[in-house]
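Naming follows writing order (A, B, C, D and E), and every chain is counted from residue 1.
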Amino acid sequence: MTDTGANQSDVILSARGLTKRFAGFVAVNGVDLDIRRGSIHALIGPNGAGKTTCFNLLTKFLQPSAGTITLNGHDITRQSAADIARRGLVRSFQISAVFPQLTVLENVRIALQRRRGDSFDFWRSQKVLSAFDDEAAARVNEVGLSPHLHEPAGELSYGRKRALEIATTLALEPEMLLLDEPMAGMAQADVALISALIRKISANRTILMVEHNLSVVADLSDHITVLARGQVLAQGTYDQVSSDERVVEAYIGAGHA
Amino acid sequence: MTTQSETGLVESAAVAPTVGTPRHHIIIFFTLLVLLLLAPFVLYPVFVMKVLCFALFASALNLLLGFGGLLSFGHAAFFGSASYVAAHAAKVWGLNPEIAILLGVGAAALLGLGIGALAIRRQGIYFAMVTLAFAQMVYFIAVQAPFTGGEDGIQAVPRGRLFGLIDLTSDLTLYFVVLAIVVAALLGIYRIIHSPFGQVLKAIRDNEPRSISLGYKVDRYKLAVFVMSATLAGLAGATKAIVFQLSSLTDVYWSMSGEVVLMTLLGGMGTVFGPLVGAAAIVTMENYLAGFGAWVTVIQGVIFVASVMLFREGIVGVLAKWLKKPL
Amino acid sequence: MKLPSLILATAASLLMAGTAMATDIKIGVLNDRSGVYADLSGEGSVIAARMAVEDFDAATKGIKVEIVSADHQNKPDIASTIAREWYDQDGVDMIADVPTSSAAFAVNDVTRDKNKIFMDSGAGSADLTGSKCSPNTVHWTYDTWALAHGTGSAMVQEGFKKWFFITADYAFGQALEKDTSAVVTAAGGEVVGAVRHPFPGTDFSSYLLQAQASGAQVIGLANAGGDTVNTIKQAAEFGITQAGQSLAGLLIFITDVHALGLETAQGLVLTEAFYWDLNDDTRAWSKRFAEQNGGNMPTMVHAGVYASVMHYLKAVEATGGKETAALMDWMKANPSQDPLFGEGTIRADGRHVHDMYLFKVKSPAESKGPWDYYNLMATIPAEDAFRPLAEGGCDLVK
Amino acid sequence: MFELLGIPPQALFGQLLLGLINGSFYALLSLGLAVIFGLLNIINFSHGAQYMMGAFVAWMLMTYAGINYWWALLIVPIVVGATGVVIERVMIARLYHLDHLYGLLLTFGLALIIQGLFRNQYGVSGLPYSIPTELSGGTNLGFMFLPNYRAWVVVASAVVCFGTWFAIEKTKLGAYLRAATENPTLVGAFGINVPRMITLTYGFGVALAALAGVLAAPIYSVNPNMGADLIIVVFAVVVIGGMGSILGAILTGFGLGIVEGLTRVFYPEASSVVIFVIMALVLLVKPAGLFGRTA
Amino acid sequence: MREAISPANGATPLLAVRDLQAWYDESHVLHGINFDVRPGEVVTLLGRNGAGKTTTLRAIMGIVGKRSGSVQFEGNELIGQQPRTIARQGIAFCPEERGIFSSLSVDENLMLPPEVKPGGLTRETVLEMFPNLRERLTSQGTKLSGGEQQMLAIGRILRTGAKFLLLDEPTEGLAPVIVQQIGRTLIQLKNQGFTIVLVEQNFRFAASVADRHYVVEQGRVIDTIPNADLDANIDKLHAYLGV
C-alpha cells in the first residue's frame, strides 16, 4: 500500500522520519513521505493532524527537529526556502499571496525575473524586464486575468488573487508545486475554476497539495497521504484510503454510540 | 502572513501604475529641474542647497523605508559620519571636494554594510531599535574621537576647487555643482526604484514570505538596499559638509534621524517625489519659524501626529491618490 | 522678490526722519533663545543692545541702527547658517553675543569669510583670541582662561591646593579643566583626579563620590548650565560641602545662582566680569535693564553685549562709515569706555581686556533679597585677568 | 588594602548603591513602557515627556496650589495618567489595525509637542523643587553618605515595581491583562471590555512614568528636557529585558543602573553609551531580550 | 433539501439564526446560515473542514470580520452588538484551539471568565467534574495535555453562569477515552438544563450527545437530521462527511 519501495528515480520529493517539535508538543512525528514524479499528491487529515506543519517543513519555511528531506536525490534538509525554490519546488500560501502594490503583470514578472538569476542590477532600467511582458501577459491570460493586467493586485477579488498567485507560481516553471489549501475560502464557482486550473497545470509537473475539500481531492489526486495526530495514518489512492477503517474513524469518529 | 496592504507601513496609494517611465514623471522631473536651475537667481542659494541636501537625505531614507519597507531610526549615523569624513578630508588632508565627498560616501557605505548586516536580521520595531542603538554608538564615537572636534565639530572646511579647477567659493558655482550631484543621485534613486532590483525590492516589501517562496534571497536584497540607502544618505551628508563648511554633532544626533523620518512621512513614503516635498517643507518651515524658538518643536510634533492620524500617505501620496497617478 | 529670511526682526528703526547722509547699520544678536543659555543671553542681550543704541543716541548722530535677532540653539551648524544668511542676504554688518564656543567658532569663520565684524560676549573659549583668532572678531566679556585663572589662582592662594575636576566631556569642559589645572599646578597646587561625564548628564552623585574619595579640597566644576546646577544641588544633597570640600564653579553665571537658590549655592567661589551691584553706574544701568527684562538682573554676558555694541557704534561714528578694516582698526586703537566695564582696551588678537572679579556666593542670611548674591573677594586687574598676548598662539600677534 | 582595579571596595559599594538608585528610575520608567508595550504593542515614545510632565505637575501643584510632595505623589500620577487615557482614546486607539511603527511615530510626535509646550512656557533652565523636609538629611553608612531621599527613592520604586508585578502576575485584573495580551478576541468574547482595559493600561503606564517624574523632581532639576534623552535609554532597557516582560523590565532596569554606575567609575565617558552597546549585543544574540518569550 | 430551515416545532427557539453571512477580510465564508436551537437542546453543526461551522459559532459571538443577517437570542438581535455584550447575555464560547492562556496558570485560566449570570458552577464543582485539573492548578495553562486543556476550556465557561454554550470541536485530536469523558460531561450538562451548540466532524461523537444535526456545506446549512433518524440517514451522512 505504501510506495516506499518505488523506483527512486520516480520519486521527486521524499521525507524520512520528518519530525517537528514545538514547545510542549510534537506536531509532526516521524512522517515518511514519497511523492512520485508527475503525480498529484494530496495531504489530508482531520484538523490538527499536522498537515500545515508538514507542508511548511517540506517547503523549508520551518526547520525540522529531526528527519531528512530529499529533492531529486539531493538532501535539502538544511537548505533555505529560497534555495529550494531555485531547485524548482515552489509553494503557494493558504491566504492569497500576491504583491498587492504591484500590478498583475508585475506580479507575474517578478517570478519570470527569477530566470535572470539574482536581480541585483539596480543600475538597469526595468525596461529590460519588458522582455518578459509577453510571457507574463500570456500567463495572466491563462488564468483569465487579462482584463486586469495593469491593475494593482491588491484590488483584485479574492478568487482572482488566487488565480494570480497560481499564474505567478507557474511562471517559475516549477518542477513541483506545493499548494496550501488552494480552495480555502473559495466560492463554489471558483472551486471548479481552480480545480480545472490545477488539472491543467499538472501536466509534466508534480503537485503536492493540502486540501480540506475532499471532493476536490477525490477528483484530482492520484495519491493520498492521510495524516492524523502528526503521523501517517494511511496512504494510497482515494478509494484505498476512503475505505480504510482507521481513516473513516479519524474523520467520522469511533464507536457509534 | 496577512497581505500587508492593510496593515503594512506603506499604504497602497491605490493608483494604477503604468509600465515604463510614466510621461508625467518626466514632465515633473523636467519642471523641477528648470525651477532648480532658476532658483539661485531668485532664492538664497545656500538655502536651496540645504533643501537639496535634505531632499537627497530623505529620498535615501525613502528608498529603504518606502520601497524596502524598513524603518531605520538611525540614519543620522550615515549622514553624519560621511559629513565628518568629508570635512576632515577636505580640511585636514586638503583633498579636492569631489575626493572628500567620495571618501565620505565610502565611509557611509562601509558603515551601512556593517550596521546593515546586523540590523536586517531583525524586523519591524526591533529593526528600528537596532539601527537606533548603532546610531547612538556612532554618536558616542563622534563625541569621543579626536578628529571630530567634539561639540565644535569640524569647522572652516574649505570648499576648495572641484577637480582642482573650479573654485567653489562662490555660492552660485557651488550651487550648480550641488544641483548636479543631487539631481544625479535622485535620478539614480529613481533608476534603482524602477530597476529589476527595485521590482524585487517592492515585492519583498509587499510580501516577504511570498518573495522567499519565489526563490529570492530576501536578506541579500535588504542588505543591498540598506547599503544603498546608507551610501546615498552619506552623499547628502558629505555634500552638506562642503556646502556649510562644517560638520557637527547635530548631523549624527538621533533627532536628525527623527527629522528625516518626518520629512519622508510628511512628503509621502513610497512615492518618488514625496521626500523632496517633505524635505522642502520641513527645511523651509525651520527657517521661517526659527524665531519662534520652541514652537518649532511643537509644530513638528503636530505635523508628525497629523501625518500619522490624518494622511498616512503624506502630501504627495494624497495628491497621487487624487490624481490617480503614481508620483 | 523678498528673500526667505531667518530673521525674526525684533528691533525698530531708530532713525529720525529726514536725517541726511545717514549710515545704516544692522546688528544681529545671535544667541540661545530657547536652550540652556537663554536666560543668561537670549532676549536680555537684545535688550542690552537696544539700550546701547539708545544710550549712544545713535539717531541724533545720523546713524540708523536696526537690530535683528535669532536663535542658534547652541548648535554650530545653525549658527553658521544664520550668520551666512544674515551677511549674504539681510545686510547684517555686525553680529553680537553668540554664547556657546562651538557656535561662536562657526560665526567666527563665516565672519572672516564675509569680512564683517563679530563681537562676541557669550562664548567662553579662549581659542577665539588664540589659535582661532580672526582680524574680524572681538571677544569682549570673559574666556575660559580668565575664569580658570580667577577662580583657580584665588582658591590656591587661599590654601585650597588639592583639586578634583568634574568635567563635561565636551571641548569647553576639557578646555576649562586644562586651563584651571595649569593654573593650579603653577600656583603650587595639585590635581588629584578628574572625571569626564557625558554631556548633558542628570545624575552626578557617582562623580561626586569619586571626588570625595579622592581627598581633594576643591571640586572644580568644569561643566555648564543645567549640569553645573545639578552637580551643585547633588553636592549639597550628598553632604559634600558639609564634609569640608569646596566647590569651585568654573563657568557659572548669576542666573545659575538664582536658579540654585542661596541655600544650595552659598559659599561657591566664582569669577565674573560684571556684577550689577558693583558701583552706582552698574546699579543704575542694571535697574533700567531689569525693568525691561521681567525684573531679572543682567548677567555679564548682557553687560558685554551692551558695552561691545556701544564701542562699535563709537567706531562707526568716528570712521563715518562701516568699512570693516577701518572699524576694527579704530576699535583696537581706541580704549573703550562705558559705565559697566569702565575703561578697557582691545588687543591685537581681538581680546577685550578689563578687570575681572572674584566673588563668593552669600549665605541666605547675608542676602538682603533677590539678586543680592555676591560678596566681592578680589578684583583681578585687567593686566592679570587675561592670557598674555604672546601665549595665545594667535597669528595676528607678531 | 584590597582594591579592585584601583577602586577600594568600600567606594565600590557606594557606587553600586548609586547605580541601584539610578536603576530604580530606569526600572519604574521601563516598567511603564513594558506594560504599555505588552498590551498595546505600542512603543510609547512619549514616555519621557510624560515623565517630565510628572515632575512639572508636581512643581505646579507646589507653586500654584501649595500642595506638598506627598500629595503630589498621589495626585500627579492620576492627573498625568488621565491625560494618557485621553491620548489613548483619541489617537492611539485608532492605530491598532496598522503597523506598530505608526504608534511609534505618533508618540514621537506627541513627545515633541509636550516638550515644546513646556519649553515655551517654562524655559529650559530648570525649576527648583525641594526635597520634602521629612526626607532631608542623610545617613552615614560608613562607606558613603546616603541621602535619605535617595534611600526613599529606592524603597518607593522597589515597592511600586513589586506592587505592579504583583498586580499583573498575581491578581484577577492582572490575569485579564495577560490573557488580553495573548488573545484579546477571546477575552472580549468572555464578556470583558477589552478596549477599556487597554485604555486604562495605557493610563496606568503613563501614571508610572509620572510617578517617576515626581520622585525625580527633588533631585534633578525640573526641566522640559529631562525626559528627552532618557526615553531612548529606557527604551533600550525594555528591549534588553524583553519587550513586554514585566519582570524583565524591572530587573533589567535595576541591573543596568548598576552597570551604568560601574561604567561611571571605570570609563565615565562611555556611561551614556554602554546601555546601547548591551542592547545591540543582546538583540543580536537573544532577539527576544533577556526575559522575553520567543515568538 | 428538506428542512433547510427547520421550523421551531412548538417551543420558541432560544437562538434563531436567519440568513447569516460572514466574511474574513475579503473571503466570504458564510453564505446564509439558517438554524434554530430550542432551550435545553444539544444541536450539532456537522460538516467537513472548511464548511463554515467554526465561522458560524464565531459569527454568533460577533468575532468575525463582518456579518449580516439575523441572530436572535432570547428574542434579542445579536448582529451589531459587541462580543462582550453578547457574552453578557449568557452565551459562552469555547474555541476550537481551546484558547488556554499560556501566561496564566491553570487556576487563573479557570477563574478568568467573569460571571455573566447568576447560578454558574462553583470552582469546586468544576474541579469535581474534571478531577485531573485539581492536581495541576498551579502549572502553566498550556503545559496541560490536550484533553486536560479541553476540560479546562469547558470548565471555565461553566463558571460564568451562561446557560448557552458554543463548543467548537471539543473532541478534536483527543484520545478516545477522553472523548468519552467529554461526551459524558456534555450529557450531564444537558441534563442540568444547558443548551449547547456543538461543532463536530466526528459524527459518531455528535450522535452520542445531540438532539439534532445540521449539516453545513460551503457556508450553508444543507440538511437537518434529527438524532432519532440518524440510522436511516447514515448513508447520506457518509456522503456528506465521509472520506
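Simple rule for what comes next: a contact is a pair of C-beta atoms (placed from the backbone, for glycine too) under 8 Å apart; a residue touches a chain by one contact, two chains touch by 3 or more.
Note that this is a predicted model, so its numbers are computed, not measured.
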{"item": "Least hop count linking subunit A to subunit C through chains in contact", "value": "2"}
{"item": "Of all other chains, the one whose Cα centre sits farthest from subunit C", "value": "E"}
{"item": "Chain pair showing more contacts of the two, B-D and A-B", "value": "A-B"}
{"item": "Reference subunit B; chain at largest CA-centroid distance", "value": "E"}
{"item": "Subunit D and subunit E: spacing of chain centres that average the CA atoms, whole Å", "value": "44"}
{"item": "Whole-Å gap separating subunit C and subunit E, where each centre is the average of the chain's CA atoms", "value": "79"}
{"item": "Computed distance of Cα centres, subunit D from subunit A, in Å", "value": "49"}
{"item": "Intercentroid distance (Cα basis), subunit D paired with subunit C, Å", "value": "38"}
{"item": "Residues within subunit C bordering two or more other chains", "value": "34, 169, 198"}
{"item": "Subunit B: positions in contact with at least two other chains", "value": "2, 6, 143-144, 293-294"}
{"item": "Per-residue multi-chain contacts in subunit A, two or more chains", "value": "96"}
{"item": "Contact set on subunit B toward subunit D in their complex", "value": "6-9, 71, 118, 121-122, 124-126, 128-130, 132-134, 136-137, 139-140, 143-144, 254, 258, 261, 265, 293-305, 307-309, 312"}
{"item": "Complex interface listing, subunit C residues touching subunit B", "value": "1, 3-8, 33-34, 69-71, 75-78, 80-82, 84-85, 88-89, 101-102, 105-106, 109, 169-172, 174, 198-199"}
{"item": "Subunit D - residues contacting subunit B, complex", "value": "43, 91, 94-95, 97-102, 104-106, 108-117, 119-120, 232, 235-236, 239, 243, 269-270, 272-273, 276-277, 279-280, 283-284, 287"}
{"item": "Residues of subunit E that touch subunit D when the two form their complex", "value": "61-63, 82-88, 92-93, 95, 99, 101-104, 108, 111-114, 116, 157, 160"}
{"item": "Interfacial residue positions of subunit D with respect to subunit E in the complex", "value": "172, 175-176, 178-179, 181-183, 185-194"}
